[in-house]
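What follows are several structures.
One chain, subunit A, appears in both complexes that follow, with subunit B as partner in the first and subunit C in the second.
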Partner chain A sequence: MKTLRILARFYHLNPRWLYLAFTIVLLIPLLVAIPKPEFKASRGPLGVYKVLDGCPPGGVILLDSSWDLGAKPESLSQLECFVNDLCRRKIKFVMFSTVFFGPIFAQDVIRPIAEASGYKYGEDWVDLGFLKPPNDNMSLLLDAFLRDIPGTRPVDFFGTPVKDIPIMRRVKTAKDFNMAMTISYAPDPAAWLGIGKSQHGMTVAFGSAAIMAPYYYAFLDSGQLSGLLAGNRGAYEYESLTGMYGLGSKAMMFFAFGLCFLIFAVLMGNLGFWASARLRSKS
Partner chain B sequence: MNHPLTLWLGVIFTLAVLSYLVKDNALYRLAQKAAMGIGVGILAVQTWQQVLDPYWWTPIKTALTGGPASGLFWLLALIPGGLWYCQMSKKWFWVSQPVLGLFIGVAAGITFKTQILLILPQIGATLRPLNPWALPGGLPWDHFWENGNLWTVLDNAVFLLAFFTALFYFLFTIKADNRVTAGSRRFGRMMIMVALGAMFGNTAMTRMSFLIERMQFLFDFFAGLFQAK
Partner chain C sequence: MYKNLAKAITFGAGLYYLLEFLLPAKIGGVANPFTECYGTVTIFLMVLGAMAFFLGPINLVRGEYKQFISFKKGWVESLVFLVALVMGIVTASFRSDDPSTATKFVKVMSVAYNGLFYGAQLGFYVTSMGLISFYLVSAAHRAFLLNTVESGLMMAAATIVMLGLTPAGDYLNQVILAILPAKLQWLQVGTVAQWILSTPNTAVQKAVIFGACGGAFAAGMRNWLSLERSMEQQ
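Take a look at the complex of A and B:
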């Protein structure tokens, strides 16, 4: 009876205690050094890695980095691990964003990695800046952009005409890219897979928030999507493939603790519900 | 982005938003309204800076200052643009309909195309083989368990079962009054629950990412303050 009463308290617990306990649990990895959890890369990150394996040094990737502060917790680690791998393999990239502050956030990540790898702006990578999808329709933008890049975006982020940028002399349409990678909270499959993949035959991979990943697995299964980085876990798995550990592996430590606590809380809540029902029936 | 003022504002607004967990309060509502105001401000700047200025105003300005006169044709864009505002009047609402129709037509056209290009390969990918001997390499008896084809076929069978039963769950024109139909419907519902469970798990992951990022931000900020002292 006493045990039942203690358990029943969990059912009626003020959620604020849960928030406090959760915060304390998440602080543990910040204060204590704990070894990284080990797990094998799944097919999503492996797919991205294999596509880059097939891309020759000097090949060009189209990188859509459409995220800002709202999606930073997951997209930042994905962009970091992906650009790290691009620079390690000496693959060039053309970047753009469909989010207003996207280029600023992306440059904060890309610049240090590119400079450390000896990448030159304009020759090895370029930032075309913000491209506003007409009427917020990404398909309309991609339809025009992938047919005629200089016509759709005549200048880069800094206002330099693309005809004066060496890397842009090589890329005019979709067929000049070895792959398209889009990193955002929720990449648009209708635009990227409908226009990019089906219409232009591009190899497309996504980096998305974990919340969106179940929706994209269907496209991974059908082969329309060549790879998928789902949330921080996707970034961590990709880091484990390249051996270059960064923000993804750091985040996984917090996840390990946070998820254990969530499972514990769900269990205790259910036990509390059961105990509460038993107490009611006894009284 | 690491200017002290930016960091301090970040800390204050993060704490203001988190304070809602204790109780709804004025500080939280201030943060909420500030975020909305900033969003609208950014939208206005973005529309002028990225669309109207480079694609509309610059050609007109160039034409007016001795550039190609064809830039003046962009003034004609004011006519369909102005028609949008007729939606605000009950009397003149009908005038806005041609431009509304134009926009709907363009959006519907591109959506129709992209959805066909997106969905048709999905339908193709649903047709999966259930005969292991039809797959490359077949299913040799001496490597029965080691051969991956057996697992591929089992995977395909689970997929097809889930696919058809989940579709059947939404087929309301057939009564589920016998064991086969009722069982299929129940299994379909279970499969949908599994998918929703996976979505919920991923939702928890994303929300946790957001919290972790803010916690790290606060921790780094206060650790930096103490170290500086």
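Take a look at the complex of A and C:
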């Protein structure tokens, strides 16, 4: 009876205690160095890695970096590990964003990596800036963009005409790209797979938030999606493949502690609920 | 008259995309005219969308201005909104990314813009996003109750997938590998989590996608043929 009463208190616990405990748990990875466990990369990150394996140095990738602060905790590490690998392999890339602040956030990540790798803006990479999907319909934008890039986006982020940008003289349509990678909270499969893959024959890979990833496994399973980076775990696994550890592996530990605490909170709540019910039935 | 005109434009616009998609690129040696002007049509739509962009701010300003003028409940928040809007527009209009050619006024505007955007807006955004994680913990504790078999199954699947997606699952795997016999080593958390994601989850997602696509097709047809009730009521 006494044990039941103690357990029942868990259910009526003041949430402030939970918040305090959550904060302390999240501080642990900051204070204690935790060794990385052994694991095998799953097929999503492995797929992205294999596609880049088949891309020759000097090849061009279309990179859609459509995220801002809301998705930053997961998309930032994905973009960082992907661009790191592109620069390591000397693969060029054309970037754009369908989120208004997307180009600013992406440049903060890309520019230091590109400069450290000796990439020149305009020759090895370019930022085409923000592209507004008509009526928020990504399929319409992508269809027009992949048919005629200079016609749909005549200038880059800084207002330079694309005809004056060396890398843009090489890429006019979808067939000029070796692959398309889109990193956002929830990439649009209808647009990228329906238009990019089915109509233009592009190889497509996604980087998405972990919470959205279950939706994309259906496309990974069917082979339409060549690779998938799911949240920080995707970035973490990709970093393990390239051997270039960065934000993904750092963020992963916080993510692990946070999720374990979430499971603990669910168990505690249920234990308290069960004990309360038993107490009620006994009395 | 106007109602029929709107219906005709809607039908014509839908027909354009349908014909552009269905007709081949060349018909008897002649290029498909719908494909030829596809880029122009898309840019036209982008411009149209950009025009609609102002509808939101105009409506907001009208509502907040009325609230502020009449000193109704929440007028202070309305004042904050109006001041922030004016400051945002002014600083964004006069700021410059190139400090070498900027005048003193432009430099002040650039500093104010950075303070507003990076200092205030991003700060508020990060804080609100951070608070969601605390709310999640509280919701998980209070609301995720195992009342039924379905909720138990969901809880078990969620726990395995959450563990499988973190290094905690990898540590558990090492323990499982050490304890379990070779025949049962497929019971690793990561393997089971991947199975859940790629087998039952994929089946459910495909069913949802089929259903959603059917619904989207029906909704698209109703919009195209102006059968939506809102159109009929106008």
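Some points to look at:
Note that in this section the second predicted complex is superposed on the first by the 281 of 283 C-alpha atoms of A that agree within 3 Å, B and C clash if a C-alpha of one lies under 4 Å from a C-alpha of the other, contacts with A are read in each partner's own complex, and residues count from 1 in each chain.
Going forward, contacts are C-beta pairs under 8 Å (C-beta built on N, C-alpha and C of every residue); 3 or more make two chains touch, one makes a residue touch a chain.
Since the structure is predicted, the reported quantities are computational estimates derived from the model, not experimental observations.
Superposition model on subunit A: subunit B and subunit C are shown in a clashing arrangement.
Contacts of A:Arg147 after superposition on the shared chain: subunit C is touched, whereas subunit B is not. By the touch criterion defined above, A:Ala230 lies against subunit B and subunit C together after alignment on the C-alpha atoms of chain A. Once the two complexes are overlaid on the shared chain, A:Ala210 sits against subunit B and subunit C alike. By the document's definition of touching, both partners, subunit B and subunit C, reach A:Phe255.
Applying the stated contact rule after C-alpha superposition, one finds that A:Asp221 touches each of subunit B and subunit C. Touch criterion not met for A:Trp17: it reaches neither subunit B nor subunit C. By the touch criterion stated above, A:Gly269 is placed in contact with subunit C alone, subunit B being left untouched. Subunit C runs into subunit B after superposition on chain A, and of the options 6-14, 114-122 or 132-140 the stretch responsible is 6-14.
Note: residues 19, 22, 73, 132, 135, 140, 143, 210, 213-214, 218, 221, 230-231, 233, 255, 258-259, 262 of subunit A belong to the subunit B contact set and to the subunit C contact set alike, using the contact criterion stated above. Of all residues in subunit A, only 16, 19, 22-23, 26-27, 30, 72-74, 100, 104, 108, 130, 132, 135, 137, 139-140, 143, 189-191, 193-195, 197-199, 209-214, 218-219, 221-224, 230-233, 251, 254-255, 258-259, 262 touch subunit B in the complex they form.
The touching residues of subunit A, counted against subunit C in their complex, run 11, 13, 15, 18-19, 22, 34, 36-40, 42, 69-70, 73, 132-136, 140-141, 143-144, 147-148, 151-152, 210, 213-215, 217-218, 220-221, 230-231, 233, 252-253, 255-256, 258-263, 265-266, 268-270, 273.
Subunit C meets subunit A in the complex at residues 38-39, 42-43, 45-46, 48-50, 122, 125-126, 129, 133-134, 136-138, 140-146, 155, 159, 162-163, 165-168, 170-171, 173-174, 190, 194, 197-198, 201-202, 205-206, 209.
On the side of subunit B, the complex with subunit A involves touching residues 1, 21-22, 42, 46-47, 50-51, 103, 106-107, 110-111, 113-118, 120-122, 124-125, 195, 198-199, 202-213, 215-216, 219.
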